Amino acid sequence: MSEILLEARHLTREFPAGKGRMVHAVTDVSLQIREGETLALVGESGCGKSTLGRMLIRLLEPTEGEILFRGTEITGLSAREFRPFRRQMQMIFQDPYASLDPRMSVRSIIAEPLKTWNLCRDREAVTERVLELMEATGVSGEMLHRYPHQFSGGQRQRIGIARAIAAEPSLIVCDEPVSALDVSVQNQILNLLKKLQKTRNLTYLFISHDLSVVRHISDRTAVMFLGKICETGDTETVYTRPRHPYTRFLLNAVPRPDPRRRETGGELLAGELPSPVNPPPGCRFHTRCPFATEECRRTDPPLRETDGRLVACHHPV
Amino acid sequence: MEQNTLEISHLTVSFPTDRGGFRPVNDVSLTVRKGQIVGLVGESGCGKSMTARAVMGLIRSPGKVTGGQILLEGKDLLALNGKEMRSLRGNELAMVFQDPMTSLNPVVPVGKQVEEAILLHRRVSREEARKRTLEAFRNVGISEAEKRSRSYPHELSGGLRQRVMIAMAMVCCPRLLIADEPTTALDVIMEAQILQLMRQMRDRGTSILFISHNLGVIAQLCDYTCVMYAGRIAEQGDTRELFERPVHPYTRGLLGAVSSLDRKGEELETIRGSVPAPGSLPAGCPFGPRCGLCDETCRGACPEPREISPGHIVRCFHAGEVPV
Amino acid sequence: MKNRQKELAELHQRRLEDGNGPVSAFRADLFRMFRKNRAAALSVLVILLLILAAVFAPVLTPYSYDDMDLGNRLSPPSAAHLLGTDEGGRDILTRLLYGARISLLIGVVPTVVSILIGAALGTIAGWRGGITDTVIMRLADIVLAFPSMLLAMVIMFTLGDGLVNVFLTLALLNWAAVARVVRAETLRLKNTEYIEAARAIGVSGPVMLLRHILPNCLPTLIVLFTLNVPAAILTESSLSFLGMGIQPPSASWGLMVNAGKNYLYSAPWICAAPGLIIMVAVLAFNFLGDGLRDALDPHQKNR
Amino acid sequence: MKRFFAVLICLCLLGSCAAAAGAEDGLLRTAVKYDITTMDVAKTSDDYLIPMNVFDRLFETRLVNGNPSVEKSLCTDYTVSADGLTYDFTIRGGVVFSNGSALTASDVQYTFERLLKINKQNTDIAVEVSGSDKVLKGEAETLSGFTVKDDTHFSVTLTEPNAGFPAELSSPAMSIVDRETMSAGFGTVPAETIGSGPYVVKEWAVNDHYTLEYNSKYWGTAPSVKKLIVSVVADDSVQNMKFLSGELDMIDLQNQDSAIVASTYKMDPKYSSRIVSTRKVGMYFLALNNTSGALSNTKVRRAVAMAVDVDDLIRNLYNGDAIRETGAIPTGIWGHNADLKPVAFDPEGAKALLKEAGYSEGQIRFEIALDSSVPSTVANMCYAVSSRLKAVGIAAEVKTYEHAAWLEKRSSGTMECFVARWGMDYNDPANILYTFFGTEEKTRQRSINYQDKDIIARVAKARAIVDDSARLAEYRALENKLIGEDMAWVPLLQDMHLYCLGDRVESFTPHWAGFADFYAADVVLKK
Amino acid sequence: MKKKLLSRLGQSLIALLGVALLLFLMLRVVPGNPAAVMMGEHGDNAAIARMTAELGLDQPILTQFFRYIGDCFTGNFGTSYSLSKPVAELMGGAFLNTLWLALAAALFAWILGIACGVIAAVRKNGILDHLFMGVSLMGVSIPVFLTAMILQYFIAFRLHWLPIAGMDGWKSFILPAIALGWNSAGSVARLVRSTLLDILQEDYIDTARAKGRSQLGVLVFHALRNAMLPVVTMMALQLSGLLSGAVITETMFSINGIGRLAVQAISGRDIPLLQGTVLFSTAVVILGNLGADLLYTVLDPRIRKGGGPQ
């Protein structure tokens, strides 16, 4: 078991929603990311996975809780003290059209981290390094001086990846990196990420709502519901034997690309997502959970070790 | 033989641009039988949405339909004038759009917007229209219909708003419902609920033309499927047969890419190259440059649709062959 | 997330059309605008002509702007005086050319100054937020609360007449509107993903403003410039009209119209020439401004 | 939507041509550039129209075959004591104010005392009465030098003899007000502004117009004009348009450019016969600061006089409607010296004189200060003077000042050179000589800074010479010294005041000194 | 919603106070002593000194300012130096005229502007579109005084359809209103057109057409309702433009309004009158903006009802 790269303890984040009400985006989340692995963060939109991802690399300050990077606490650090850690963590974004500055050429986009951390002696070294990175991410060298508007969605995502790995980080948070792409381009990017993880021993926090992509790329998976983690463990274990009712309904709802195995929709979860402004007391899923009991309504179940993974449920399925 | 709900033959839509113009929909033919869900699948920019809009007559200028025929239960929609077409839209022919966030008028309560659809096609009192709206809300599974109908779009969740759109489309019991990626903007659980609703409507006799880029959704919902590439239908056939025995290299590529996601650890299957820019299609078969089987004949001319088995039509000279 | 599909197709088609040279989005938009929008191209020509006329005024006319020939006052256009003479016997064409210098300077210089001030304050207010934002915006509210003419009058009244004071007045008048627009733009940019990416890379605050925020505000600033210049010319001519702007004997178009209005029926050419040229100059800048806004502003999808 | 828009347009087009509203007979409509600030003559030295038409004075100055003469008005008879200090007046009996209250000698006394108490502008005549300093300082309520004998008789003792005293009593400042019914609203509220003159103030809409109507209780002959409406029209071209389209019955052409007057009124036969012109008794002169730089040298001042071509100014800027002035006492005033020779226009001579005075080409530099609120003709005069002086090597730049800043610079005594005009208030040389050369403070405050101390003393004393011929000789001598020798200022011209009469006006006699304000009673309407 | 309203009100108050202070300080720094102007030609320095003391101009600036603010609240804006009448009284009458002028101009501008804007948007890139947009651009490019001069000279003087100047009855307000309104009609038309074109691209327009709405129906029931929101805000901003233009039209057509009073105050160096008129106009503009914001929140349910699921 490789040691822990990043650990979060009881992270919470709330946003003001006017008239004194608070949106509980992330509540009391604890998780660990190990060196070299890909941890997936899955859940419906609005469950707080993006907020958690940004908090872990301090693009967003947590309201409560600490974050440890390779054992040292980074939540309390001042901007200057935190700077060396900043270089260790990078991010890849969802929208290929909005994540690249339209006014900068590809060269200056990829060179920006190199210049910020002055990793190259002079201009030629920078250009050379950029060409290397472009080559590594499958973007042709002649397009060095082109501008983002002259590339397709897939190519722009590759440039985003090149920029992220330029500073040689150890952790990359990928926020829905392939959701905006078509399936054929999506597979190319996923293959690229897998290759780079091996060659540059990177660790990924992979945020997505697409369960089939997550199953392929991740080693471990954490499922989030309304700001809390309800189940986390090895991806295969979670996918083959989901023990938290919500995970089961979630996996069940995924439309499998095989016309032969059609559900009759028996185990379909009804109802609406409750509002994060005043989440239900006790277990947040109890209002929609068919197995909810009085105990679920009163106490919020902590993550407990069951059947080789952690589940936050009084009556695991 | 029972009357087909929708018959599209050789439909072509073209957009003039300062460089000669391009055709997002190019010689498309497909049929939707009564009570059948036909899927229209393909990657972004393949023309599936444009085909749907052509049927509804909602193509924005400067684009226009430049060829082909669209028969709704025998009536050619392209021959109708503005007024006749308007009397069909929302009545016999309805459409649901992709993004529930922006498809409802933000400053009008949702109930009113549905009532508007009724009052446009049925000579009924306002009170009756109100009753039918609440009735429609309940049919699409909206709880507390009374309270919801008075609220504004921004006060409802994505799923609820899409149900309102469906209620609005179904309130005049249309012969054909066109759904342009209705679940793309929704989460997987909400998507499942909407698909369930679609199945119930199909069982009640509504024919549906369902547009999506998600092969999983097509597999679970559609009886018959057409795969589009660069403005043409590359392959169409019964969904089960298409998924088991795809013959067009592009369909194979797509299905291979999706199914490889389930095989852990291996490298994912991809289709080399990228979708050609609409203005600059390659000569001959549009998929040529990305196809393993491509040879002189493919580069020479664009293959015509061929029926290789009942209901299974493909546009490819080497359909079914396996690259060596 | 998924509704980007439709957007993607549309943009995909429009953007890739642009040929393959190392053309920045900025220049590509400009190039396409001039090809399509003839009015904008024509107005650039008119503006160039005006600038040339202003610069080469001494060469183009034998007289100086304040030569008085009391002998033939109010004489109609003739060979000696192509556009006639005014009430002081001065040659109108000459005053028009020299007036072009002042009116164009008045149009350009204070606008540049107000855009610099406005952009700086706008970006800082938008980027830093909190009290700085409130202070700057309340200051802008105060300036914007004044009807522009009244504020201009009070400033001219306080500082006295003369060219420099007109510059100061127009600069003070416009910075608030610019600051408000730039602040809104900065707030919009702040939430874009490429700014978040830059923060993730560890780019420092000032670098962020200079390399990312300002270049992306450039199209807005250019559009603001081309629309504020004519507004400045109009304000100056109105001020001169009320006798508070440029003082004689120097010539500005507004002043000439003001001086000529008493002779409207006996010597209409005194008013006609400057009045017409004000309109032509302002129209040219407005057409150019419209053209640039349509071409450069990414949010104008529907022209 | 489109229909509504069409209706709006034809509504405008259909607007009835209301322009030439039916003007009832006996009505006179005129316009002024700026509204009056007050109706109380004690508080203003500009707005004289209402005082002249609504109040009476002891004397009136009238033009008698071209020369101003002081005629008795309220005062029927008066005698002067031997030492010229005490005047015994008899006033007309039975005169009443417009509210019926009788006009008596005590009202005249009250008028004098009120001027001192409100101590605003017009104190310089009342100050001459002995005992005025105490009233001014508030130490006394009544004027010791003013004794009322009975309702129609009173006598006034001056601090020092002043032969021009009766002429001064005809100036608008000395309008008689009523002691009994004086109230706070006097001067601002039309109903409380009570006078004994031919008209009463009907209404005053500030900044828009004021209306005077015939005072039925007036003691004098009933005037032809029964109702006068004066509207405020700031824009000269609008005034022209209103007159030409018949909305005004009379127009004051003072502010119009002579070229317009020529092309619009003189050349047009319909109007050329209806132009009335009168001398604007006063004069334009080029003031030279006798202490500032090169201008302190008399030769330089004379050279300036020789460099300016006044006839060219009259021909081009005034279209001939002006006469050349030669001295310090303007034409039309008692004491004017008609045979003073004007300085010949001689640029070469001026250059020689400058060289003689030791100044080379371009060495002399000074600023001609121009008040931005003056009419365009005066501004053009400054530019013309400036270009004439440049021709002889004097760099005189025209600099424009805002009105208040111009006033402040002039009264600080530092203004180097400016074109100034003085309009005579009453028919006596002292009105101009004493004001500009009466004391060192006065000449400094007018930025003339005349240096000859004993001449200044003589000017002050000349006022006290009772015998007319002796006083005339003294003023003539002083004028020769001030202008002839010292060239304290460069006399320019006296312009004419032109009016044009509308088709409803038969005839009009303007104010004797060419004031813009006029007696409505002097206008005769066609029947 | 309440909290937002209060903060908006607070902002307006601060702006008003700021305006008053800025104005007060600027006017104190002005060269030239108003007392000297009042005394005119004849006043000698002693009389001027008396007048200065009487007007309280010799006290320290701050005390003058607070006394002035105190007076303002009691409606006493001081007495005008040049017209020697209470400023409040002068402004009372004048404000009504400016109000009528501004309203007439606004009515003309908005009716013409909205009509042209809608027609131009509907007939996008047609002849009407180019015609109306060309005319609107002309409207925005012509200085107000030029339009006023042309209208006054041709329509009033040459054709005698309307009175040249002065204030006798509503007919004398037509020409100034058109001269003033013409400029803002141009900008209203351009805004309505661009807003409408943006809205016609929205998805809910397609939904409405999919329901079977006719082009006109879509325009009236869906597009215009949403287009009115930005137009309402624009109307408030127009207010400050109208007051600006009023200064010139009032001088040209000699309408006794706030604008002309301000011009007179400037030439007469009449500080209380200038202060009163400018303060009054800015207060009107601030109120206008406040009104527009409130109207906006009422019209737009997204703000009025706030909240929403996410």
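As written, the chains take the letters A, B, C, D and E, and residue 1 is the first residue of each chain.
Going forward, a contact is a pair of C-beta atoms (placed from the backbone, for glycine too) under 8 Å apart; a residue touches a chain by one contact, two chains touch by 3 or more.
The shown structure was predicted, so the numbers you read here are calculated from the model rather than taken from an experiment.
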### Separation of subunit D from subunit B in steps, with touching chains one step apart
2
### Task
Name the chain whose C-alpha centroid is farthest from the C-alpha centroid of subunit A.
D
#### Entry: Rounded Å distance, subunit D centre to subunit E centre (Cα mean)
40
### Query
So what's the Cα centroid distance for subunit C and subunit D, whole Å?
48
### Query
What whole-Å value do you get for the distance between subunit C and subunit E if each is reduced to the mean of its CA atoms?
22
### Task
Return the residues of subunit E touching two or more other chains; collapse runs of consecutive numbers into ranges.
31, 153, 157, 251, 267, 307, 309
### Message
Show the residues in subunit D shared as contacts by 2 or more other chains, in ascending order.
### Response
235, 402, 405
### Message
I need the residues of subunit A touching at least two other chains; which ones are they?
### Response
45, 152, 209, 273
### Query
Contact residues on subunit B for subunit E in the complex?
56, 58, 82, 86-91, 94-95, 97, 99, 102-108, 113, 116-117, 120-121, 151-152, 154-157, 165, 168-169
### Message
Show me the residue ranges of subunit C that touch subunit A in the complex, using the header's touch definition.
### Response
1-2, 4-5, 7-8, 11-12, 15-16, 18, 20, 22-26, 28, 192-194, 196-203, 207, 211-212, 215-216, 218, 298
### Message
Can you tell me which positions in subunit A touch subunit B when the two form their complex?
### Response
44-45, 152, 154, 182-188, 190-191, 194, 209, 211-213, 215-216, 236, 249-250, 252-260, 262-263, 265, 268-270, 272-273
### subunit B residues touching subunit A - in the complex, by the definition given at the top
43-44, 141, 157-160, 187-193, 195-196, 199, 213-221, 239-240, 243-244, 253-255, 257-262, 264, 267-271, 274-275
#### Entry: subunit D residues touching subunit C - in the complex, by the definition given at the top
235-237, 240, 256-257, 259-260, 263-264, 312-313, 316-317, 372, 376, 379-380, 383-384, 387, 398, 400, 402, 405
